[in-house]
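Naming follows writing order (A, B, C and D), and every chain is counted from residue 1.
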Amino acid sequence: MLDASEVAQHSTKRSCWVIISNHVYDLTDFLENHPGGPNVILRYAGKDATNEYEPVHPAGTLQRHLPANKHLGPVDQSTLTRVDDTPPTLGKSESSIVPHILVCQSLDDIESAARQKLSRKAWVYYDSAADGLHSFRTNRLDWAKISFRPRVLRNVARVNMQRRILGHVANLPFFIAPAAMAKLGHQDGELCLAKGAAEKNIVYCSSTYSSISHEELAPCFDRQEGRGALSFQLYVPKNKGDSRALIERAKALGCKSLVITVDTPVVGKREEDDRYKAELEIEEGREVPRTTSAANNEEAPILRGYHSSTVDWDDILWMRNAWGSNQGPVVLKGIQTAEDAYLASLTGVDGIYLSNHGGRQLDFAPSAIRTLLEIHKFYPQVLDDVEVYLDGGVRRGSDIVKALCLGARGVGLGRPFLYGLSAYGTEGVVKAIEILSDEIETAMRLLGVTNLDQLNPHYVNCSLLAKELPENVTPTNPMRQHKL
Amino acid sequence: MLDASEVAQHSTKRSCWVIISNHVYDLTDFLENHPGGPNVILRYAGKDATNEYEPVHPAGTLQRHLPANKHLGPVDQSTLTRVDDTPPTLGKSESSIVPHILVCQSLDDIESAARQKLSRKAWVYYDSAADGLHSFRTNRLDWAKISFRPRVLRNVARVNMQRRILGHVANLPFFIAPAAMAKLGHQDGELCLAKGAAEKNIVYCSSTYSSISHEELAPCFDRQEGRGALSFQLYVPKNKGDSRALIERAKALGCKSLVITVDTPVVGKREEDDRYKAELEIEEGREVPRTTSAANNEEAPILRGYHSSTVDWDDILWMRNAWGSNQGPVVLKGIQTAEDAYLASLTGVDGIYLSNHGGRQLDFAPSAIRTLLEIHKFYPQVLDDVEVYLDGGVRRGSDIVKALCLGARGVGLGRPFLYGLSAYGTEGVVKAIEILSDEIETAMRLLGVTNLDQLNPHYVNCSLLAKELPENVTPTNPMRQHKL
Amino acid sequence: MLDASEVAQHSTKRSCWVIISNHVYDLTDFLENHPGGPNVILRYAGKDATNEYEPVHPAGTLQRHLPANKHLGPVDQSTLTRVDDTPPTLGKSESSIVPHILVCQSLDDIESAARQKLSRKAWVYYDSAADGLHSFRTNRLDWAKISFRPRVLRNVARVNMQRRILGHVANLPFFIAPAAMAKLGHQDGELCLAKGAAEKNIVYCSSTYSSISHEELAPCFDRQEGRGALSFQLYVPKNKGDSRALIERAKALGCKSLVITVDTPVVGKREEDDRYKAELEIEEGREVPRTTSAANNEEAPILRGYHSSTVDWDDILWMRNAWGSNQGPVVLKGIQTAEDAYLASLTGVDGIYLSNHGGRQLDFAPSAIRTLLEIHKFYPQVLDDVEVYLDGGVRRGSDIVKALCLGARGVGLGRPFLYGLSAYGTEGVVKAIEILSDEIETAMRLLGVTNLDQLNPHYVNCSLLAKELPENVTPTNPMRQHKL
Amino acid sequence: MLDASEVAQHSTKRSCWVIISNHVYDLTDFLENHPGGPNVILRYAGKDATNEYEPVHPAGTLQRHLPANKHLGPVDQSTLTRVDDTPPTLGKSESSIVPHILVCQSLDDIESAARQKLSRKAWVYYDSAADGLHSFRTNRLDWAKISFRPRVLRNVARVNMQRRILGHVANLPFFIAPAAMAKLGHQDGELCLAKGAAEKNIVYCSSTYSSISHEELAPCFDRQEGRGALSFQLYVPKNKGDSRALIERAKALGCKSLVITVDTPVVGKREEDDRYKAELEIEEGREVPRTTSAANNEEAPILRGYHSSTVDWDDILWMRNAWGSNQGPVVLKGIQTAEDAYLASLTGVDGIYLSNHGGRQLDFAPSAIRTLLEIHKFYPQVLDDVEVYLDGGVRRGSDIVKALCLGARGVGLGRPFLYGLSAYGTEGVVKAIEILSDEIETAMRLLGVTNLDQLNPHYVNCSLLAKELPENVTPTNPMRQHKL
C-alpha cells in the first residue's frame, strides 16, 4: 500500500509514477512508447490520472503494455485528494440543450446535437484537423462539385442496397470507419458503434486505439448472417513483433478484414488539439519543454511520431502473409495518388482505401473522391484489380451513391457516427445509419436504378472536379519505386 | 348521430375514424392510399381534423375517394371540443407587416411579402426542397451564369410577346407551373391562379393535388380567345384505372394539354417538411414508429412512395392514346438528361418539360437550363422534334428570355405565383405576371428584338455553364433502353 | 395673376397645370413628351412643383420645350401654401458626418463620403441600376479579373500621360462620362464637373439631360490649350427635328465631339428608383394607375420609353452628316457586342464607346472590358479602324491602364465624379481626378512604361476573362443586317 | 546651447530645424533626399521629433547622412516642453491582451497576438499594401490553389531540411526577408531578427532601411558554421556613389549575398499609410500642400519617388562587378514575369527573387508562385541557370514545400517575423521559425520524402493555378529589350 505523498515525489521524466484507479504504476520507461506522446503522461506524473486515462483506454491496456514489475501496487486511498482536473472554463456547457432525436433529419443535425453535448476536450479531438483545415473542408466541398444525371420512367418499385463490404455481405454500401476514443463522447464508447452496426447489418472497422477493447466489441457480432461484422484497422507499431501480435489478435477475434493504415508515419499537426493542450498546461503553470526539431539532433525522437515511420511496401508483403489468404481481404488505407493506387494493386492486397484521414494528416492532400477520379484518368485498370473504398467528408446518402457511380465498392464514415453516439448513444448510431439508408434508397429510385451494380459514371457529372485533376502523374516506371 | 367520445376510441391504425366538417369517416382502409402518407392521418385518428384537412383538399375529395359505407354519419356537435391544433409557437407571426403591393418591384419583393404573411406550415411546404438544398439554390444561380449580348440601333417600337404555349396562344411566353396546396397560402387557393391567368391570358397548369377542385377552376377560363387556358398536370397514381379516370376528367374539363410528371416514383427527402412534422409530433407527445427501410422487408410499403413507382416508357404510350390525338399536346415533365429528352422525342409525345421539380426531388439534379444546354450539345435534333418547356429558379423576365434564346418554347414558374396569392390574393398573381411582362418586354427591346421568334443562341453567352456540362453521355444506343 | 386655388382644379391628366417658381404652366399636352415620364409630373398636377423641378432642370428648359401660350402667367403668391414635399423619413440624415477631403485616398472613399451627404432621392438616382444589379456588380468585378505583368529595370523617371481624347489633347487618358442630374448632389450641379475638367485639362462629356444648361457649361472651357474641353452626349429624341436642333446647339457651343447614345430605345428597369417613387405615392395616398403592358394595346405608349425607340443604323448616317466632318469625332455610345463594333466601324463614325450604361439598362449585359476582349477575339481590325472608348465600374487608375493595354483610347467615369461633387463640390471633382492621375502614373512606372503608347496586351494577363467569352459570334454576314 | 523658442522659428520648407535627442539639426537641404519624403519631416519642423525619429532610424543615421555643419548643437532642455505627439485616439489599446506564446500554434496566431500589441502606426506600416489590396490577398490565396500529392509506404524516419540559401548552408529552406522599421514593433528592433536567425541557423536578409544599423546586426552572426548568416538587401539610391558605398559597407560586414531590389522605381500607393498620415495632419491642423502630379511639371519631384527611378539592366552589371565574384551570390529581387526572369538569367547574376513586394507595390501584380509557374511554362531553362527565391503570402511550412517542389531554392517571409518580434521579441522570432520547421518536417514525411532535393513538381497539383497563367508572353526577342 503506497502513500500518495510518496507517489508525488516521482513527478519527472526521470521517474514518473502515476495513479490509475487506485493503483500505482511506474511509467518512466514507457513514456517514449506512449502513442499519444510523453507529454500527456507527464502532466500527471506523481498524480492521480484516472479521470484522464479512463475515457481513452480500453480495459486491460496497462496489463498488455506494462511489465508486471512496473505495477507498484495499490495506493492508500485515504491519502488521495482527488480533484477534477478539467479547468471549469474548458468543460462542457451544462446549459446547452440536445434536441430530441426525432428532430434530426440529417447527419448535420446529429453533429449539431453532439456539439451541444460534448466537452471541449472531446469536441476538439473529434473535430480537429491538420493545419489550416483546407483538406478537412475540401473533403466536404468536393462532393458538392459532382451532380447527378437522373433517368426517368423506369420501374423502381424494388430496390436492393446489399453489397459485400470488407469481406461481409452488408445491407448497405457504407461502413463505420475507424475512429478512436469513442469513450470521450459516451461512456459506452465503441460498444455503441458495434451494436449499431450489428443491428443494421453493416461493417464496423474498429481502430487500433479503440477505447473499448476489441475483445469486448467482437461479441456484439454474433456471426449469424445479417448481423454486421468487425473489421480490424491497424496502425503499424514501431516494433514488428507488436504488429504481428495485433494481427494475430484480430484473427483470433474473427475480424473479417484487415485494414492497414499507411498514411501515418507521423501524426499530422492538429492545431486545435495542440492549442487545447497548451492552454491546459498554461493554466496549470507547468513548465513545458521548448519544441525541438529533429533537424538539429538526429538522436531526438521524431516529432509527432507515435507509429512506425519506416514501414514500406515490403512490410505490406509480410503483413499480408501474416494475415493469411483465407481470412478475408487486406486493404491499404490512406492511398492518395493514382500512382500509389497502382503500386498497391501490384502488391497482392485485396483492396485500397482512399482517404486523407479526415483532413487530419497532410493539409492540402486531395479528397478521396478526387483521388478516385485521378485513378479513373491515369490507372483505370486499378478499379478492376482491387476493391476500392474511400472516406472523407461523407455526410449524405447521395455522396455515397456518387462514389459508387465512380467505382467505389463501399464508403466509410467516421465522425458522423461518433457524433451520433455522443448525442444519443447506440440509438444515435442507428439513427445515422437509417438516415443514410433512406437517402441512398431515395437517390437510387430518383436516379432510376434498383441495384447498386447498375450505378456507373454516366449517372454523375464530374466535369467540375475533372478540371482540377493533375495534368499528368509521375512518369517513371512506378515499379522502380519499390522492390517487388 | 355519433358521439365524439365514441369516435375517440378509433384512434389507431387498426381502426381509424376521423371527424371532418362535423361528419365522421372511417379511414382505416384508406390509410395506405393517402398521397400524403398514413402518418398525417393518424395524427388525427379519433379526433376532429377539419382544420388540417380543409386547406389542402378540394371540395368533393372524400366523396371521390371514399366508398359510401365509410361515411359513418354526422357527429353530435355538442360533444365536440374543438381546439386549435396548431401549436402557438409554430403559427404565423401576427405582428409582421406585409408591404403595400405597389412597393413590389420584383418577384423577390413578392416572396418577401409572402414570407411575412405565411404560417410556418405553409412556408415550410412551399419553400422546402430536397436534402441540402443544392439543386434548389443552383436553379437560381445557373440563370446568373448566362449573360446577354445586346444588339443596338434597331427599330424596336413594336414588340410582340405572343406564343402558343401548352396548346394555347398566350399573351406571354410563360405559364403558371403546377404547384399544389394553394389554400395553405390564401383561402381562395388555386382560384387566384386561375383568375390571374385568365385576366392576363396565360396558361395555368394545375396540379393533380390542387386544393381547389378542377371543376371549380375550369369555369374561370371562358373559352373565348385571349382569356387564358387550363392545362392538366398528372401525377401517375399507383392504380392504372385511377390514371385513366384522371385523364378522362381532364378531357371533360376542356384542358388544353396533359402534362405527365415522370420524376416522382418516390417523393424527395424534404427535411424542413419532415422536421416540421417531427416537431409537431414531439409537442403532442405522440409515439412515432421508427423509420424502417424497405431494404429489410420487401413487403413493406415504399418509403416516400405516394405515386406509382413502376411507371415506364410503355405507360407513356397508353396514356398518350388515352388522351387522344386531337386534344392538344402531351408533355413529359421532369426530363433531366439529354438521353431522356431524346428518348421522349421518340415516343410520340408533343413536348418535354425540363425540370428538377424545384429542387424538391433529387438533390444535385441539374437545373433545367443546364439540361437544355446538354440537349444542345448532344441531341440538338430534339429541339426541332418536340416542344421544350422548363422551370426552376425563374424569377426574372430575363431568365425567361434566356431560355427562349436557347430554344425553349415556354417557361413555367411555380413558387412565385404561390407567394403572390399568399401575400395579395388574385391581385398578387396579376402583379407577378405584370412584373414579368414588363421585364420581358424591356429585355427584348434592349436586346434589339421585337418578336420572340427572333431570339436565338447568339443573344446569350453561355460559356460559363457550357464548361460545366458532362463531357459525354450514355454511349449505348438509347433505343435499347426501352421497348419501343 | 392666377389664384392657387384655381390651379388646384387642374390636377388630372386631362388638364394638368403646375406652378414652378411662381409661374403657372399648362403641361397637359406635354405630359407624354416628358423624358421622365408623365407620372412624375402628375404627382404635382395642380400644385407647386418648384422644389422637385428646380434641381433637375437647367435654366431655360420650360422656355425651350413649352409653347408660349402654355405659360399662363404668375401665381398670386399670397394664395400659395408652400410645403416641403419630401417626406421626412425619406430625406437625408442630418447627423451623418462627411469626412475631411484629405482623408479620401481612393474613389471609394469619396463614394462613402457622398453616401453620408446625399438625400435618399439623389442616392437612389445615382446608385440605382437595372433589375438585380448583376451587370452593375460585374462591371467592377471584371476589372479585378485582369492582372498586371510588371517589367523591371527600366528608366521610368519621366512619365507622360497625355492623349487625344474625344477630339481634345487631354492631360490624362480618362474623361468625365455623361451623367445627368448633378444638381441633385450639389447646388452648382454640372458646373463642378466643368470646372474640374477645365482645371485638370480633361474632357467633360455632358449629358443631354444636364441639370445645368450647356450654355452655362461651355464658358468654363476658355478654348486655350490645356483647359479641358466639352463633348456633347446625345439621347436621340423621338422627333428627328429635335435631334437636329440638339446637334446644331452642340456645334454652336464649340463641343469637340458628339457622343450618340445607342443603347436606350427604352429605359432600363431600375427598381430602387421605381420603389422610391412608389413609396412617395403611397405616402401621399395618390391613386396610381395599374401598370399596363403594351402587349395588350398596341396604341399604348411604350413602357419605359422616353427616347426614340426607332433609331437605327441609317439614322447614324444623317446624324453624322448633320454634325459635319470637320467638327471632331462622332462616337457611338453603348456598343456591347463585337458584331455591333464591327458594324459601327463600317458606318464612318470615328469612334465607338463600349458601355452597358453603368448597369442601368439591360441587366446581364456584358461589362465594357469584356466586350473589348470580345472585339480582340473576333474583330481585331476594329481596333485599328476606330477610336475605342469605354466605361463601367472604373474606380482605379489601374483599371484605366488595363483598358489602355487592351487598346482603348480613353476611359470614362460617371458616378465617381457625381460622388465627388456631391461630397465636396468642385474640389471633390478635382480630388477624384488627382487620385486617378496619381494611380495611373504610379502604375505606369511600376509596369515599366513611360508613355501611354507603350502599353500593349502583354502587360496584362486576361486569361480568367478570356475563358468567359462567347465561343463564337453571329455567323451571318453582318452587312446583311443593315442597309449600308 | 540653442533655445527651443529659436528652433521654433525654423518651421518651414525654407528653413527647417528639428530637435532630436536634445540636439538641433538643420534639415532644410536634406528634405528632398529623405527616403520617407519631405512631409514627414515638415510635420516636426521647429519641434522635437525624437519620439517619431527614434523608432525608425538606426543609430548613426544623422551622422552618416548630414554634413557636420548642419549639426547646430544641443538644445537647452529647460526650454523644451516635450509632448507625446501620438494623438491618443490613434495609439495602441492598452487593454488588449497578448496571449501566452505557448498558445501560438501557427503564424496566424502570432499575427493575431501582434495585432493586440502594436500601435496603430506600426500596424498600419506593417500591414498596409497597395491600392485595393488585391495582390496582398492573392499572395495568400494562391498558395491554397496548390494541393499536394502525398506518397505512402516509404521510410521517412530521418529527414534532412538543410539547404544552401543566399550563400549560406542553412538548417531550413527559408529565410527572413527584408522588412524595415522593426523598432516600430519592439525596442530591440532588427536585433530580434538577427538573434533568432542565428539561433536557428537561417539567413536574415536585412533591409537597407533597417532601424538598427547593420554594424550592430552583423556581430550576431559569429561566423561559426551553423549560426546563421546576414544577407544585404539594397534599395538602389538615386546617387550612384551612394549605391557603391552601400555595397562596400555590406562587403565589409561580411554579408554573404547581395539582394538588389528592382521593383521600386517609385513606392506603391499604400492607402492605409497615407490615410493615417492625413488623419495626423488634420488632427494637428497643419496645412497640407495639394498633391500635384508630375505630369504638369517636369521639374517637380517624382510623386512617391524615394529611390532611383532610372536604374536599368546596365546598372546591374556594374553593381555585380562592384560586389565582386567571390563574395557570394547577387540576387535580383522583384522579378514578376517570365520575360524578366529570362533577362536576368542572361545578366550573370546568381539568383532571382520572385516577389511583388508583399503586395505593397503594384496592385494586381502576380503572386510570386504564379510567376514561378509562368517561368515553368515559358522559360523553364531559367530554373537551371539561376537560383530562384520567392516570397509573398507565405504562412505555412506547406507553402514553402510547395515552392520547393516547383523549383524554388528558398522562400522568404517578412511580416510574420515582424509580428513575432512585435508580440514576443526574439522569442517570437524563434517561435515562428520553429513552427515553420515543424510544419516543413511533418509535410515532408507525409509526402514521403526525406530530403529537399527529392521534391519535384509531381508532388503538387497546380492545375487550378495553371489555368490562370497568361496564354503567351512578349514574343519579341527579349535580348532586344536591353543592351547586353
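We adopt the following convention: contacts are C-beta pairs under 8 Å (C-beta built on N, C-alpha and C of every residue); 3 or more make two chains touch, one makes a residue touch a chain.
The chain list, named the UniProt way, goes like this: A, B, C, D = L-lactate dehydrogenase (cytochrome).
No experiment lies behind these values; they were computed from the predicted model shown.
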Most widely separated chain from chain B, with each centre as the mean of CA atoms: D
Interface residue overlap between copies chain B and chain C, same or different (over half shared): different
Turn needed to bring chain A onto chain D - CA fit, degrees, nearest 5: 90
Chain C-chain D separation of Cα centroids, rounded to whole Å: 44
Centroid distance [mean C-alpha coordinates] between chain C and chain A, Å: 63
Multi-partner residues of chain C (at least 2 other chains): 467
Chain D to chain C touching residues, read off their complex: 131-132, 134, 138, 262-263, 265-266, 268-269, 271, 274-275, 278-279, 281-282, 288, 290-291, 293-296, 298, 302-304, 309-313, 315-316, 332, 334-337, 339-340, 343, 356, 361-366, 467-471, 473-474, 482
Complex contacts: residues of chain C adjacent to chain D: 100, 102-103, 105-106, 108, 144, 146-162, 171-172, 396, 398, 402, 434, 437-439, 441-443, 445-447, 458, 461-464, 466-467
